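Chains here go by letter, A, B, C and D, matching the order in which they are written, and residues are numbered from 1 within each.
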Amino acid sequence: MIPQNHFLILSAILFAIGIFGVLTRKNAIGILMSIELILNAANINLITFNKFQKTPDGLGQIFALFVIAIAAVSAVIGLALVISIYRNAKTILVTKINLMKW
Amino acid sequence: MSFPILTCIVFAPLAGSMLILFTPKKNVNLIKVIATLATAAALCLSVLLLIKFNYSSPAMQFEEKAAWIPSINAWYHLGADGISVGLIFLTTLLSFLACIGSSGIKIRQKEYFFLYLLLSTGMLGTFTGLDMVLFYMFWEIVLVPMYFLIGIWGGQRKEYAAIKFFIYTLAGSVFMLLGILALYFTSTPHTFDILELTKTGGALTLSVQILIFIAFYLGFAVKVPVFPFHTWLPDAHVEAPTPISVLLAGVLLKMGGYGFFRISFPILKDAAHYFILPFAILGMINIIYGALVAMAQTDFKKMVAYSSVSHMGFVMLGLASMTATGFNGALLEMFNHGIITAGMFFLVGVLYDRAHTRELDKFGGLGVKMPVYAGMLSVFALASLGLPGLSGFISEFMSLLGTYPTFKLITIISSLGLIITAGYFLYMLQRILLGPVNEKWSAISDINKRELLTLIPLLIIVVIIGIYPLSALKYQIAAISALVQNLGGIAF
Amino acid sequence: MVKFAHLIPIFPFLAFAILILFGRKLKRSSAIISIAASLISLLIVILTFHGLLKGQGSYKLFDWLVFNGITLRVGVIVDPLTCTMLLVVATIGSLIQVYSIGYMSDDPRFSRFFAYMSLFMASMLGLLLADNFVTLYMFWEGVGLCSYLLISFWFEKASAAKAGMKAFITTRIGDAGLLLGIFLLFFSTHDLSFSGLSAITGHPALYTTAALLIFCGAIGKSAQFPLHVWLPDAMEGPTPVSALIHAATMVAAGVYLVARCFALFFTHQPALVCVAYIGAITAIMAASIATVNNDIKRVLAYSTISQLGLMMIGLGVGGYSASTFHLVTHAFFKALLFLCAGSIIHSVHTQEINKMGGIFHKMKITGTAFIIASLAISGVPPFSGFWSKDEIMTEILRSGHPMIFIAATITNLLTAFYMFRLIFLVLFGKPRSELHPHESPKTMAIPLIILSIFAIFMGLPGSPLMNNVFQRFIYFGAEHTALSSNPDHFVMGISVIVAFLGIGIAYALYMLNKEILSKSIRNRFTGLYDLVYNKYYVDELYEFLFIRPCARLSKAFSGFDLKVIDGAVNASASMVVFLSKAKAWIDSNIVDGTVNMIARAVGMLSGELRKMQTGYIQSYLLTAFMGLILILLLKIIGG
Amino acid sequence: MSFIETFQFILPEVILLVFALAILVCSLLMRSKGLLGALALTAVVLASLFLPRVNTTHASLFFNMLTDDAFSTFFKVICLFITGVIILISMGYKTLQSGHIGEYYFLLLSATIAMLLAVSSNNLIMIYISLEMLSLASYILVGFFKHDDLSSEGALKYFIFGALSTGIMLYGISLIYGVFGTMDLSAIANTLKTAPTNALISSVLLLFILAGLSFKCALVPFHMWAPDAYQGAPTSISAFISVGPKAVGFAVLLRIFTRNFLPLYADCVTIIMLVSVFTMTIGNIIAISQTNIKRMLAYSSIAQAGYILIGFVVGTASGTEGALYYIFAYTLMNLGAFGCIVLISNSIRSDNIEDYAGLSKKDPVSAFMLAVFLLSLAGIPPLAGFFGKFMVFAAAIGSKFIFLAVAGALNSVIAVYYYVKVIKYMYLDEPKATEMKKNPAPLQIALIIIMIGVLIAGIYPSPFLNWIRLSQVFFLQ
């Protein structure tokens, strides 16, 4: 059986990659994807903890389902906003989107 | 419960301002009438207060107390004693006179009188409020109307002066707020009541007292103003319209001194004792420095403004004395300075209205053209420079007299201020009234009846107190001796 | 009838009030009101005097001021000194007011003048009646004010306006000393009344200081060295003012003050000696200046200073009676001198003695009065001045201060000299410019005549001829009465010789000589002459030492206020604004920079990231993330 | 508890949901969109009528997912009030009136439902879901002007920032689940009481959650989205996100930290104090140099959050009371200020502060109200903002957080400068010629009522204080 820590390390790596991606991707879509990674890192955690509980109550699994659903909604809205930005600015590079500053 | 006279005094102007809010903007005369009536009502009530005031008792009188914010033990608590009764009268009197003197306001009268009356209420509330929260609230209420009154109706650099005044005094008073809160939490049971705190405040340790004292000091010193917090004053005074300068110098500066009398000294006794030397030195600096700077001014109004800095130094000096005489002197100096400087600012206004300049060097020989004005100006200048027989002398004399046993050298140096003061006031008189007539002003008209009307009551008070100082002193003696006794000062 | 004494100052004050309020309507009749008030006061003074002789005395009126524990109860002092002074002031005051009707007849501010005169009378009489230091101080400043107002009465003249200010401020310097002296006394004795002074014992140094501080007030008021500079300039005022205030009454208030506090001075001899020496310096210095000055009123002004110095000497050597006696006689003859000078100026419209000459035959009354007064001041017997100066000289000799005696003698010599220099240059000889002298009107002439009579006979009450009535009336302690009763013929002799010597020199120099002052003499003493002619450069010295530094300091402070203090505040305000801008700048630049830097750090892990560009959203995110990291680090490190 | 019984507690949410769907349907069917606003307003009014009464005991709903107590009722009232005013503002906001207004109200009501759920959540899952629901609705609302560059840019930034923050929070929640084995707040509280766990780990986890909530409250360093989102969003939505999510964020913060995680919270006080000081200072200082009033108010509301945080840092009963009062006062005055800005922008078509010159002559009522709200934000007595500051400073000094009180005091001085700058333009400067349009009456009346509320809450705060005290007495047990 794979020990719990391996799952947690995986999730931590995923989380770090997600953060890294959010901070570094130029493309808005890329950022959205990175965010998904972060959410999935959390999901792995939830399921792992649930699995390794003495008496698993299923809460973690349920929560993970919720998160997946919400992540989907979130992605929809994110994409909608990206489209909206594309219509106006003709770009989806976040490095080009700086009308408002200071 | 008896007739709530103090509430009526404080809120009469506010009622007037509410009426004005619902008066059409066009109906300027009605607005003026309402404002005059409101201030007159407050004045009449305060005269009644003086009449009914029992000056042989040091206790708080006409107390009104009602629950206000019970959860923090804050009360609507008003009262007047010998320390405040004179200042209440001063405020109502100057409010009334300056209201009459406001007829020169030609634009946005509705807003002007609305704010003016609001200002009145704020000032009166400060002098009557006996609950710290109430006191602070009234204290701060004064700021906003003052900001507008300077900023809208002021002179050339009005915006700068207004914001400077606002920020300066606010910066001082937020520290006062912290001081108030600190007092609240160090008292058991927690209370904001000034009278309660006066009883219990002495139990605090010295270091706590010192911290709280400094917090209050920052609030009051800016208002007084004490060197080096005084630089808002010349700007504000100079840019404000005449009636507002009158209130600024006549009443607002007294709020700081009153704070020392009502809060800093009685509540934080040990700290007060701890700080008397700095007080005396600051008082001395104010006197000498203010006088010297006043001497260098070429702008009439600025000169008078700096003279206020100098005169308020006597208040500080008297406070530092820890003697009944010094305290009496300081308190009376506040009243007298209020009356005299108000007169001076009215007179500056009279001249400015006619000549549209305040440059002292541009005048000369006006004594011929404006004999009545010359007489008035001379009397107020002489009162200001402390001529015996006029009111300014007696209070300065008592301040110096009271301070002498504690701080000999400082008193001696401060009394040099009297000479410098004489110097710049006479120099001012010389430049305006004396000398060859400047042809430019050959058509200038003498002071008119309305202007005289505002000055004569002040003149009468100046002369009466000068000749018979007990007429004013009697109200404060009992309260001051109680204060001195409470402080463990020298009771003579 | 003593009980009405407190009403004495009230009538002139009422007159002042009426004149200041309704003066413009009253016009000429202002003078009548003013004089009537003075006369009523004079009447009450006489009644009071009568009462005093009957044995009545000082009394209290009402509580005036309360310092805790100590109530200041004001009253009036009625004793020989005060009563005599009252009599002198009321008499001379009334006479000079009558004189003023003529002198001021053309002035547009006629009633204003009388208003001020009345106010002065009220203050002066009040000053004399004050029975404690505080009320005295009030009236003291009151007379100072009137002096200021009247000196700059013709304020259209810039010099007059300046002179008034100078007078006020200079005397105020002395007054500050007086105030401190009062404080010192009050805190040592807890008593402000004069009656308590005689009971003072102990702490000699303290009380000597107090006495000296009080003397400062006297120095200012009586124009003693080094505060004498204001009095000559005060001559810018109308001549009746010079006569009343700056010759007869107000300037003598300093002497009166020392006399009033004589109990304090007498028990503290160092202070008294100081008084004597200040008096001596003043006397001789002023007299020497008077010998070279060419302005008729200024000569008289220096003469006044010199005579006041003599009175101070008198007090300083313990000659209480002698000094007050000289005060009284001086009041009359000096007033007379000024009125005569006024009469002459009124008719010839100049004050330069160089331009006058030979006007005696056109102005007989004035001329005669002038000569009488000059004889009196020069100490020619039997005129009043002889007797009073003789008393002082006797006291000096008796006290054993030879230096002072010599100084006083030289002063007397110079006095006789400069007075007769005036007479010879003004009244006799040939006119040195176009003059149309004419006798003055009756309102001016009659007071001259009356004062002449006083100037002649006022010395008699103090002379052995009348058994020294004066000294028996006003004395300090008991022994003095006995001492001063015996005439000292040695001193008398010297006085007479000195007086005639002075007159003789003046005659030789100014009558026998064709020129005003022989060039040869002037050339021989150029240095000395310049020194004296320029009044020993005291004014210049003060200008250099005090006025200019003060002005400079004032300017400097004002600049300091504007630039430094305000600047500091404004600077901190602009600091905030700057910070605000900086923050905004940091937001847009440093954050970006940090982002770049961190991006590079990350890029070292994967070379791919080197080309990474940061966009704004990501810089926000990075800030947030780095903030979080920072918080976590803080948490972990801080525990 | 039966389902029916449970149902009565969530009746407001249900009403809002029904009306939201109804609006969506109506907007498809109806030509005139004018009625939609009224419909939304009706929903809010009805919902507030059916709010559970202030109860003496708390009710656990849905397996303790939600809890209903006086504390949540307090925030529910605030949230419904906010939505009500926002609807009024929206109805009076000319630029907003378009074909999509139905969706706008739908989203607004959805956000309201999310807020109501969030303030009564008692489970980390529930908190996450409701906050995410609120956020998602807000993202769309910010980008509602989809043809406007600024609006969509603001929305995107808001979205990315929000997504990252909630991601971090979610990760934190997942770790908490690992440590405690449950996500029920009461259960976690019990565990903490009985068996102390590794404080370091727990408090680090706590900070992850703090990060997510800091984003909602726009606390430093999670504040940077706020100015852009405020500036880009329709003004009505700027008003909404400046008060709604912020109030909710603080409600959740208080519930998690003060009520349940108190032992852990004590470890984080210093850090939260620093956050508070930085939030006030940075917000205030940057606000000074702003020229766009919405952006200025964004920084201002960052700073205001710092003041609220003072009460939170103190953590005592009086601290919580202060924070709650401040939230209440802040809601009133910030809504009022934004309302006035909407009124003014209807006529002058600009958000530049310089264009406010001479407004007191052109539109005295709006100018006066804006002046009152700004002065209240600046903390000038006798307005509500002053008393809010008073309460939090008092709490700070009462618990010896002198440094915090001094920092707050200094900040309130700095703040005056930029608030008064707006007033200066309105009152002291001469107007430019612009015709003022007639103000929509309902909004104006609403603003006048809010202004009076600000005055009363400042002059006679007792009733409000009593209400707040009742709301948190139970909460702090």
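By definition in this document, a contact is a pair of C-beta atoms (placed from the backbone, for glycine too) under 8 Å apart; a residue touches a chain by one contact, two chains touch by 3 or more.
From a predicted model like this one, the values you see are computed outputs, not experimental measurements.
Steps from chain A to chain D, taking the shortest chain of touch contacts, total 1.
Most remote chain with respect to chain B, judged by CA-atom centres, is A. The mean-CA centres of chain B and chain D are about 43 angstrom from one another, to the nearest whole unit. Centre to centre, using the average C-alpha position, chain C and chain D are separated by 75 Å.
Centre-to-centre, using mean CA coordinates, chain A is 94 Å away from chain C. For the pair chain B and chain C, the distance between C-alpha centroids works out to 34 Å. Under the contact definition stated at the top, the residues of chain C that touch 2 or more other chains are 584, 587, 616-617, 621, 625. Looking at chain A, one finds that residues 19, 22, 94, 97, 102 touch two or more other chains. Residue positions 156-157, 160, 164, 168, 289, 417 of chain D are each in touch with at least two other chains. With chains as nodes and touching pairs as edges, the resulting graph is of another kind, matching none of line, ring, star or complete.
Contact between chains, per the stated criterion, is found for A-C, A-D, B-C, B-D, C-D.
Of all residues in chain C, those touching chain A in their complex are 584, 587-588, 599, 602, 609, 612-618, 621-622, 625. Residues of chain C that touch chain B in their complex: 20, 63-70, 112, 134, 137-142, 145, 148-149, 152, 155-158, 160-162, 164-165, 168-169, 172-173, 175-176, 179-180, 183-184, 186-187, 190, 550-551, 553-555, 557-558, 561, 565-566, 568-569, 573. Only residues 576-577, 579-581, 583-584, 587, 616-617, 620-621, 623-628, 631-632, 634-636, 638-639 of chain C touch chain D when the two sit together in their complex. Residue ranges on chain A touching chain D, taken from their complex, read 8, 11, 15, 18-19, 22, 28, 31-32, 35, 38-39, 41-43, 45-46, 48-50, 53, 59-60, 62-63, 66-67, 70, 73-74, 77-78, 80-82, 84-85, 87-89, 94, 97, 99-100, 102. Those residues of chain D whose C-beta lies close enough to touch chain C in the complex are 156-157, 160-161, 164-165, 168, 200, 203-204, 207, 210-211, 215, 220-222, 224-225, 267-268, 270-271, 274-275, 282, 285-289, 414, 417.
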